[in-house]
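The first chain written gets the first letter, and so on, giving A, B, C, D and E; residue counts start at 1 in each chain.
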Amino acid sequence: MNPIFAILAGVTVGAAVAAMALRNLVHSVLCLTVSLVGLALLYLRLGAEFAGFVQILVYVGAVAILIMFAVLLTRGGEAPPGRIANAPWSGLAVAAAVFAMIAWAIARSPALRGMAKDPAQPPLSVKAIGDKLTGDLVLPLQVVALLLTAALVGGVVIAMSEKETE
Amino acid sequence: MDRIVEHLWIIPALPLLAAGIIALLKRPHRKAAAALAIGSLGLAFLVSCVAFAATLHPAAGAGTVRLTHNFAWFDLGESTLRLGWLLDPLTAGMLVMVTFVGSLIFVFSVGYMAHDPNFTRFFGFLSLFAAAMLGLLVANNLLFLFMCWEVVGLASYLLIGFWFQKPEAAAAAKKAFVTTRIGDLGFFLGMVWLYHGTGTLLFYDKGAGCLEQGAIASLVAQTTLGGMAVSTAISLLLFCGAAGKSGQVPLHVWLPDAMEGPTPVSALIHAATMVAAGVFLVARVFPLLGASAAGLPADGHVPHTAALAVVTWIGAITAVFGALVAVAQSDIKRILAYSTVSQLGYMMMGLGVGGPAVGMFHLLAHAFFKALLFLGAGSVIHGCHGEQDIRRMGGLRKAMPATFATYAVGMMALAGFPLVFSGFWSKDEILHAALAWSPSRLPFALGLFGAFLTAFYMIRQMWFVFFAPSAHPAARHGHDTRPDAAAPHDSPPVMTVSLAILAGATVAMSLLATPVWPWFHAYLGGHLDHLHVGWDADGAVLATMALSTVAVALGTGVSWRLYSRSATGTDAVERLVPRLFGALRGRLYVDGFYAATVFRLNRAAATAFDWIDRFVWGSLAGSTAWIATGFSWLGRLLDDAGINPGFDAGCAGTRGTGRLVSLFQNGQTQRYLRLVGGGIVAIVVAVAWTGKK
Amino acid sequence: MIGIGIAKGLVQTARNLLGTYTDKDRLPTIEYPEERQALTEATRQFPFLVHDGDDPAKGLRCVACQICEKECPPKCIYIVKSRDKRVDYKGQMQFYPATFDIDYSVCMSCQICVEVCPFESIKMDTEFEFSTADRFRGLLFDKHRLAKSDAHYHRIHPTDAAESDAVMAAERAKAEAKAKADAEAKAKAAAAKLAPTPAASPEAQMEAPKPGSDTPTMPM
Amino acid sequence: MTPYLIVSALLFSIGFAGVLTRRNAILVLVGVELMLNAANLNFVAFWRHGPNPAALDGVMFVVFAIAVAAAEAAVGLALVIAIHRHCRSGNVDEASGMKG
Amino acid sequence: MASLDQIFVALKDWLVAFVPVALQPLAGALLSIVAIMAVFPGIFALTTVVERKLLARFQNRPGPNRVGIPLTKIRLAGFGQFAADGIKSLTKEDIVPRNADRIVHFVAPFVLVAPAFLSLSVVPVGRNMAALDFRETGLLFFFAVGAATELSVFMAGWSSRNKYSLLGAMRGIAQMLSYELPLILSSLVVVMMAGTLSLATIAERQSGVQWGVVHSWHVFTPWGFAGFLIFLTAACAESNRTPFDLPEAESELVAGYFTEYSGFKFALFFLGEYLGMFAISGVAITLFLGGWNAPFTFLDWVPSWMWFFGKLVGFILFFIWLRATLPRLRVDQLMDLAWKFMLPMSLVNLVVAGVWHLAASWPHLLRWPLCVAILALPYWLLSRGFQTRFKTRTYRFAEESRPAPATAAAGP
């Protein structure tokens, strides 16, 4: 295994574990950010520059900040007292079982064995992505645009609704 | 010629641009907004005139001028969705009418809305409406037509609810929106079906359009439920939409309520243009309605198909229904609204019995005089400081002479006074066609009765508004609560000029479709070159003319006699037949009927589902827990009996079962998810296991 | 329109910037330790003690009356009166300050001590550069550091110095006159003892209280 | 290829474990984000190693998934805030009542 | 001349050639890193002094002019100041509040500085002189890396446990998020017209010639000019420069999110802010001002990197000039400006770019007025809307209480 990959994967997974295990919510979200950046770097290693940078732009620039705001708005800045998990062992067991299942599937998959070890870098030009988005995928693009608008409006409405009645 | 149709989009684009710019303006920019709206629509009128001129000279042997320009909108998988513009006499005539009447109404609004704080917004909405309406007219694609149709609905919703501070206005807007949506559901289904059946929504596409021979023949050939031809089913569904928009009988309830909007809106939307959209739609898809096994309807010959029969009957019933209800109303705009319902019925009837030319001519004529009447009513209301009850007006003839004169022209046109008023000729044509309709004579009789009623209620209204001695001093001085308000006054020139132009147009229209020189028929039918001045009508025409003249005269005479003799305050008819009058005033209880049936049904259904939720599902869920508890209770009983301490174990087990069962019901998403996760793993393992074997 | 105001402001500040290189009035700053502004005569910083003659130890005008110590608002003056007396500038026997300390770190330069001093002995100096590494000792000025010559006073505040000289001259003159009168009175009394003349005694009685009544109300 | 898939599976399971166990609703959402991102990693990996990388399908999936995930986060967090206002708590197990 | 133009490239190649072939890419990267880490902090150091001196001049003061070479009388017109400041901040006590979240508090300044360096590395500072050249995603990289700034601001503000810090952080994040939209949209115009996201390619594309002797910088088009102004304003806000310095408004929030930082970490924040400003200025230069291109063809003999750094200095001076001129906005005005003016204007600018592209074959006399008109009308309408908001303030109570004769006297 490539050492750079090992480091990246380790950081990504470790930060993910920390994100799920830490008590303080803000720390959790910061760890999540680290994990997402690690993922973006993994994308870069896989040659998907565009996806990697979009990942950073959207997740670090927007989603992480959004979650931070939500944490602060729900007074989650302090470490919560009391339990942080519900019946952790059974949940962990189920998650472990799921992992075992997927890992087993990966390990036994005949399709993977047929794949090339390290295929040549496929061309990934932003122009091609743009053509694709405005060509074949124009309808999904519109739908996503609509969805984002709806989410925007919905988010505002949900977050505001109770205030009026109070 | 092709250039014209290629650039037909300019006509709707102009008001749309104006609407967009006005939307950016701020409240104080009143002049800019009005100038933009009127200017853009005036420009659109000019362009429409150019387009109209283009349709006057068909190429030799081509018959009707029918220019199309189609283009791809976007690709949808393998198929391409294409839109297009269509220019034919139907479109051109409507374009000129809408832009002309619309411009006049815009000008009128400048005066009428002068004191409204939301003047700018009003013109923005008006422009949006005009844009959508014009877009609807130039569409060569049912989908684009539908889109514009919906925008028209939206604009009408906005305009009816323009004074949304008034709860009635808000309710009326909602009602109009919801009611027309019911019709639109039919429209939408019909459209989808049409697309399914023909694979295109373009009307005319060099032989491949959905209104052309090939497509219609295939639709006629297929049958659906009960042996009905698919074309008939689609036609009826589309007619649902038209009925909703045009206020035909089961769906007419929104139209009178829509009078809560500002009067120019009533004139624009509910007299001249929007309600005409339904009639226009029926005229547009007439080939589909008229399609029978024999093929497309030929010019001048109207086939008897099931779809057209439905249109005719609905139209006739609406015509009489509207007129009847109008007799008993006392709100000046509401009378006109029911009159509109009635006249729309005539149009539909005309379409059903006489084809597009007949129906459309009544539409155009009606647009002018009804706009005139509404604007006149607006002028009256404006002059009386917001008073709308005709019983509290009276004697306005002297106070507002200009309004009186123009209103009288409109009223005579609507009532169908003979010879120089367009209403006479257009109604007469419908009646004539109805007379010739072979399946039944009843529509003719209904139409005649409607003509009588029309004259009756219009005279009643005229008398109350302009002639009656004013019993209430307050009526002279506007509203009760403002005794010191100025006396009724005539409206400013910006309003009366519009009225005068419309009055002139109303009279001028009458020249276009007399039996002596039936230019309009020739124009729509595409045989202008065969047109000549001369009498070549049969005796039936004369007979119809005579009959309708008699009906009008009768209505006028009866009404005048009843009302001019009666004391003011109460209604003459009310004293004669109070119960009938009450029923009519209550709009024949249709609204009440809906309230009692549809709404109550809806609420009952909601209650029922609530009950089912609460008791059936709730008790099912509850009983699971109950059973579990029952088990544990049983276990405890046994334990209490103390027969055997070994029962302790069984009891605990039972209790555990109960707890386990209740675990599924505790509302903890995470537990549910765990089960889901575990279940997936289990299923995968199971599948893999069995698969290996 | 947005932008016009910004452009105007930018032009204005740019004129200011460039003006500092061309226009003296736009850069009025004086680079202090090297360049100094000439002090005006009215400059007053901290109090000092005036001494006549060359020897500060002997010539201090202060008589340790302690009025300034009492009046000082921040109480930064500390005086210990001497046990013995010595001859002051009027020629009278007076106390003198054994200790006279002013804590400049506390002094607020209000000048009240100067106002109340009846002996023209404490005045305001123009010196202000007292920065020191020791903020306790370094700013606690004793009478040796406070004492400055009358010549210094004349140099920094010539007008005031002239005035106070005049006042002191008047005082001295009065004191001398009084001394003379006293001497004469003594002489007369002695003479009267020898040969008492009734006409002379009321004169002496009338003259005697005069200087005494004037002195306490003497300003400055 | 396989290492990427294993990392992806690990991320998915970690996210899943968080969703299953954490009490705080925001962290549940964080777990969901992790799961989504694990799927994205799969897409990219299969795009790179798949038979037809020129078709860009995997990358397009990721781009769309990121857009949708942003919408999901916005709405989800708005919901969390609404629940917090309503129940005075950001814990999922305390918001178990189905009625008002 | 060409040799002078490429002197640094040649130098790097010459140095790299000493290393074994296998390590050459690594060595090249290291050299680039060293160059960036040396040049830009150097500019930062000079900028701090120049800014103070110029601001002083704007306010009719001489500014710092003392510190020169220590132990001598040489003053260097005060340019020894940065060294003194640097030594001071390095040697000052590092204070961490007792309640602070220590780890986050420690990490925050580095999270600010590292992306600033990264974003500088994609800016082409001369012909063939970009440390990192993403042929496909250069601009995207810049924006992606810039996103980390917000995170750093949040970390600093939250971890300090100080209400001023948190308020400053919240303001800063809101401001950065709001202004990122016009920033990206206005640079999108250039991407649209150039058809690439690579900054180097965008710079190269502006070396064409128009009107005889002028290089075809994007700013010489209607969309380019409008885009440049929007970008400039948004850049000002993104780098927290006055008039958009609300996050660190000293008169309101002490120093905003870095109130609780001292010593070296404070200096890092300072460095990070200035590096961010350099980076965004560099991108503005590359996108709109022709990158390393000369303005006129007859000036092409000046080496390209000189042009770039000359323009960068121009930008820095302009930012200082702005800071000396404009007062700070209020929070509501800030948001209004972003959402109600800049965002619509940048959308309109996208339309203009489209029109410009479609009208490529039209004569200039038609194309220019059309595009200018499309821009000017919304500009006029939108700014009319602002006039009521930004109207001159009247101090009612102050003026009422002032006696009449004094009003005339208080004129200037």
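Basically, a contact is a pair of C-beta atoms (placed from the backbone, for glycine too) under 8 Å apart; a residue touches a chain by one contact, two chains touch by 3 or more.
Everything numeric in this text was worked out from a predicted model, so none of it was measured.
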Where chain A and chain C overlap in contact partners, by chain label: E
Chain labels contacting chain B and also chain D: A
Most distant chain from chain D, judged by the mean position of its C-alpha atoms: C
Top-ranked pair of chains - ranking by C-beta pairs in contact: A-D
Approximate Å spacing (C-alpha centroids) for the pair chain C, chain D: 84
Distance between chain centroids, defined by C-alpha means - chain C, chain E (Å): 60
Separation of mean Cα positions, chain D and chain A [Å, integer]: 6
For chain B paired with chain E, centre-to-centre distance based on mean C-alpha positions, whole Å: 58
Shared-contact residues (touching 2 or more other chains) in chain D: 16, 20-21, 92-93
Numbers and ranges of chain B residues touching at least 2 other chains: 668, 670, 674, 677
Touching two or more other chains - residues of chain E: 384
Chain E - residues contacting chain A, complex: 101, 104, 134, 136-137, 140-141, 143-148, 150-151, 154-155, 158, 173, 177, 180, 195-197
Sites on chain D touched by chain A in the complex: 1-7, 9-18, 20-24, 26-27, 29-31, 33-34, 37, 40-41, 44-45, 47-50, 53-54, 56, 58-60, 62-64, 66-75, 77-82, 84-86, 90, 92-93
Chain C - residues contacting chain E, complex: 1-3, 6, 9-10, 12-14, 16-17, 20-21, 26-29, 31
Residues of chain A defined as touching chain B within the complex: 86, 90-91, 94-95, 97-98, 100-101, 105, 138-139
Of chain B, residues touching chain D in the complex: 666-670, 673-674, 677
